[in-house]
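You will see subunit A twice below: alongside subunit B first, and alongside subunit C after that.
Take a look at the complex of A and B:
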């Protein structure tokens, strides 16, 4: 990523090599071993609550792992790909992956387009700027759990949305309708997260040079044309980031289906892989299957991220 | 720039803002209604239908004050760890040269990238089963203590400070600890508020992990107890919405208030650099 800053650090340091006495120590620990001391507590934490569980997750997915009373020594044999086979043969789990696919197809493009358009408009706005900023960010800073209550109320059978739609309202209502449950969740998550992505685009827009817009308008480009020819390519690194982050957040969907549709209903139409991990791993006590779902999910996200990077071509970021 | 375009932009932005704010307005109105009124007229305050009873109602089901306190302890613990680690490691990464610096930075970035959900099951096994830290504040805080956003923001921040400042102090004979205390820490103050605000939203709004790790109601953060009320109790109650929305207002209140008060410090550059590294 930002290697340039590190090489700058190295160049700036090459000034004073004091007395030769602690030379070997310096070779072993670097010029300022104090840095290692400052970072040691953090590194220990990272090993304990990040690196170890990460390895543990992969290990678990290849073994027959089950909960045992603490301190009891039990045999947990290596089972190869059995957990993966079991998980992939389960229609409910396959469906949850399909659901996330639908979710991403709605959420990701909507997020990219809306956040770029709103950020562009917001960037030029002079009046009520603070009010508008606050309005767009407030859903992002609020807990999902809090706003979920309002959405259930708004989208229930005789809720405000259906009252306004009248005869156009879907029956059964949004969140209990097999076809609408997932799209409604996708729109909820888009609405909730948009403020953060607008923020990213606003930062990126500051880096698009004003001269490019002037040049475009000298060449006779209108506002729309210069949006597509100057703004869109100018913020491409941000777009790559927005694509990646919205995909990762989408793949980790849990709270919304758990609360909005009562745990992935109706009939599993809005279940998500993380919800399945929770049900299999903790409610039904097979953490090995849950770990296998997690590994498949992460591999899926990595593939998606790779494809997006190829398509959006964000190598220069 | 033509007038028509200006007006169009104004309309788009205003309509967008209203769509964004409406659910919050509806949350407050709904929490104050004696009888839930889902009609269009119900979206406007009706003095005959206003009451504060819902707040009392939700408070009798879940202890709001205790929930807020638990959320506060959880959030405070996470912020403390994040800021302490962030300042120390950020400073070490930006201004000191030591073996393992590159690896440490790579690890900090990796922590950002690997989704928590992959670690959820092993962390649950370790923290709840092996260490017996379920229903415990420490168990709640631990996985969030290593939030690298702060490390990356502080590193970026310290990189902007000229190295000569620290070298001059070294030449004057100041020890490393003294340089850290007297020079590095005071310099960090302006970035501190941004980091605290950014860190605050995470644990305050977090649902999944505290939900997994706390079964005892008296230890649950407000987000968890409200969600449990929503998914268990509310289904059986006759008029649950007013109470749920009242709880939602109490949960959303502190975060929204903090954000509005300090929205100036909620700067895009910092978040961008925090995420990009």
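Take a look at the complex of A and C:
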């Protein structure tokens, strides 16, 4: 109420500027025009790299669209929901959404639990603390292409993992097994991204007051009870962030099915919506279908994020 | 802070940002002028990034520039990307494609044409005549449905079966006369190689799902089995018949018996001694020269076809002229210069790849006499099958690959059913306007 009153007052004043031109300039650019200049690059970035492509993709998904050379006269008629009907009628695309669902079911809880437990342990560790922190962070900063090669070696039929498992090893091997390909990718992505999420939790843990642990200890709480009653609620805002980020990055899964399982194999068991977008939009020259897949994915991720926010108490953060 | 003032400032910054973005996009866009087809002047070309083709490209450009100081050619390797086709496709959309790309995959040509990115070479007065005179009957496979040439057939790598003579000898097989002509012979030889422990795998084509992988397992054998039939002819899939099923069953047996690797291999399985055989073209001669004691034979057929009648996949790369080119008359002259008898000879000499030129062995007899390893590839170059020049070509190959990996590599389901289902999908794709 007071804000709107203030605004009206300011707006009222502006109609009779005693100061003339400089005052108008000041009203347009604010007290610190230099601040606007500093924020402009990021705004340009958001507009050019995020907002414009998103709106354009949405537009594309409702049109018969393909990329054309500048100056070429191309008819791009509005086709309503045709692109959506086409992609939703394709079993390979439906399967890719199912696959990424399986991926998220494994990857997101595993990421939250492991990163919180490991961050808590690292926070308490005295010896080798720096070494351990770096060790967890190294996979995150290493290029996927390089790490994928190591995992193919580890999880191949004659790989180290199968040699350790002996008769318990799955047949066919992990990455060419329809039941194991996606879980293996989920574990790979969890392992690779863990360092980043541990870092987020480590930062959050610095804000949990030591006094709370002391009070819990005085009340007779053991380490496990302290973890669930002090640590977990204390880092809830970070948990919401980890949930959200791991869901968004997980839903955008591409590199691993592209490289680790040779294009979403075996038989599409590890294909993902973004891989299908790449195939349709870039390889096959149908960016309209690819955009439709993308719009469905964005809506799906938004719904998931909303549910997570509700369930994990994001409002409190 | 006052909300109106804040809103106004956001609007100001947004407007300023949009102006900058528009200015940037204006800088990025371009396009050919109306006179581009007759204009002359400097041009830019891209070539492949492999060592031997760079050497050929450099000497070709040097030779052209020495004689044409007013129409200089600036050359560079194709910028890095997941594939050359993606980079070229993006360049077409951005309007900054070069004049010529000496690595245009025939499978991508229909797509580039649809994008309005390619110049119809038949539109040059001597365009179609030059192409047909140089490549003979083979040129027809590179024509669009309307008879136009949106690509210059340039060079091929007719694929054959390379085999490791040392592994054959270790398995007790005759390395100089390998029994690989029929499917039964090929399977028996493969079993001996693996069971004797001479080779972990008899053969190891990439078992992955990318659309192009079928060019190096199913398609060469299908070309041979059918005597030169393309995957799609007259607007319909051809592979869902007896010949296609025979080829697929042959590969299925190799996978089912563990004679061919089902897992993705990181590296070159043939060079690394993981497989006794490989399906590759003449580019591999120089690569395997010191690594493997190799021999080469044509791909097998069910009943065994005489060598001089055996077809295979061409694995060709062509040259595309792009509409963004402002000096297309110069580009056409450079294209003719780069595919002249002299430059084709240089290509053969420097890369070992076969120019798409009629009766190759008779045009360069000295080369083949001096390099007998290439002789059979020169002969094979007269019996090649290209990927079909149809719209939705990549989507069609992906549909085929999906059916193939499931029914052949994984061995799930019935092969004729899988081929019928893939053919139905492909026919629907081609029928799309």
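One rule holds for everything that comes next: the second predicted complex is superposed on the first by the 275 of 317 C-alpha atoms of A that agree within 3 Å, B and C clash if a C-alpha of one lies under 4 Å from a C-alpha of the other, contacts with A are read in each partner's own complex, and residues count from 1 in each chain.
The rule is simple: a contact is a pair of C-beta atoms (placed from the backbone, for glycine too) under 8 Å apart; a residue touches a chain by one contact, two chains touch by 3 or more.
Keep in mind the model is a prediction, meaning the values are calculated, not measured.
**Student:** After superposition on the shared chain, which partner residues are touched by A:176: those of subunit B (first), subunit C (second), both, or neither?
**Tutor:** Touch partner of A:176: subunit C, not subunit B.
**Student:** Going by the contact rule set out at the top, does A:67 touch subunit B (first), subunit C (second), both, or neither?
**Tutor:** After superposition on chain A, A:67 lies in contact with both partners, subunit B and subunit C.
**Student:** For A:252, select first, second, both or neither according to whether it touches subunit B, subunit C, the two together, or no partner.
**Tutor:** Only subunit B; A:252 stays clear of subunit C.
**Student:** Using the touch definition from the top, say if A:306 reaches subunit B (first), subunit C (second), both or neither.
**Tutor:** After superposition on chain A, A:306 lies in contact with neither partner.
**Student:** Determine, for the superposed model, which of the two partners subunit B and subunit C contacts more residues of subunit A.
**Tutor:** It is B that touches the greater number of subunit A residues.
**Student:** May I ask you to decide whether A:92 touches subunit B, subunit C, both, or neither, giving the answer as first, second, both or neither?
**Tutor:** In the superposition, A:92 contacts subunit C only.
**Student:** Quick check on the superposed pair: does A:284 touch subunit B, subunit C, both, or neither? Answer first, second, both or neither.
**Tutor:** second
**Student:** Would you sort A:43 into first (subunit B), second (subunit C), both or neither based on which partner it touches?
**Tutor:** both
**Student:** Touching A:228, do we find subunit B (first), subunit C (second), both, or neither?
**Tutor:** neither
**Student:** Name the residues of subunit A shared by its contacts with subunit B and its contacts with subunit C.
**Tutor:** 6, 10, 28-30, 36, 39, 43, 48, 52, 67, 70, 149, 152-153, 156, 262-263, 282
**Student:** In the complex of these two chains, what residues of subunit B are touching subunit A?
**Tutor:** Residues 1, 5, 9-10, 12-13, 16-21, 23-24, 26-27, 30, 36, 38-40, 42-43, 81, 85, 88-89, 91-102, 104, 107-111, 114-126, 129-130, 132, 142-143, 145-146, 151, 159, 163, 167, 171, 176-177, 180, 201, 204-205, 207-208, 212, 223-224, 226-227, 230-231, 235, 241, 244-245, 247-249, 251-252, 255-256, 259-260, 263, 266, 268-269, 271-272, 275-277 of subunit B touch subunit A in their complex.
**Student:** For the complex, give me every residue of subunit A touching subunit C.
**Tutor:** That would be residues 3, 6-7, 10-11, 27-30, 36, 39-40, 43-44, 47-48, 52, 66-72, 74, 92, 149, 152-153, 156-157, 172-173, 175-176, 178, 261-268, 279, 282-286 of subunit A.
**Student:** Which part of subunit A faces subunit B closely enough to touch in the complex?
**Tutor:** 1-2, 5-6, 8-10, 12-13, 15-16, 28-36, 38-39, 41-43, 45-46, 48-54, 56-57, 60, 67, 70, 117-118, 121-122, 124-125, 127, 130-154, 156, 158-160, 163-164, 191, 194-196, 199-200, 202-204, 206, 223, 238, 241, 245, 248, 251-252, 254-255, 258-259, 262-263, 274, 277-278, 281-282, 287, 290-291, 294-295, 297-298, 301, 317
**Student:** Residues of subunit C touching subunit A in their complex?
**Tutor:** Interface residues on subunit C, with respect to subunit A: 1-6, 8-9, 12-14, 16-18, 20-21, 29-32, 82, 85-86, 89, 92-95, 97, 111, 114-117, 206-211, 262-264, 266, 323-324, 392, 394-395, 398, 402, 405-406, 409-410, 412.
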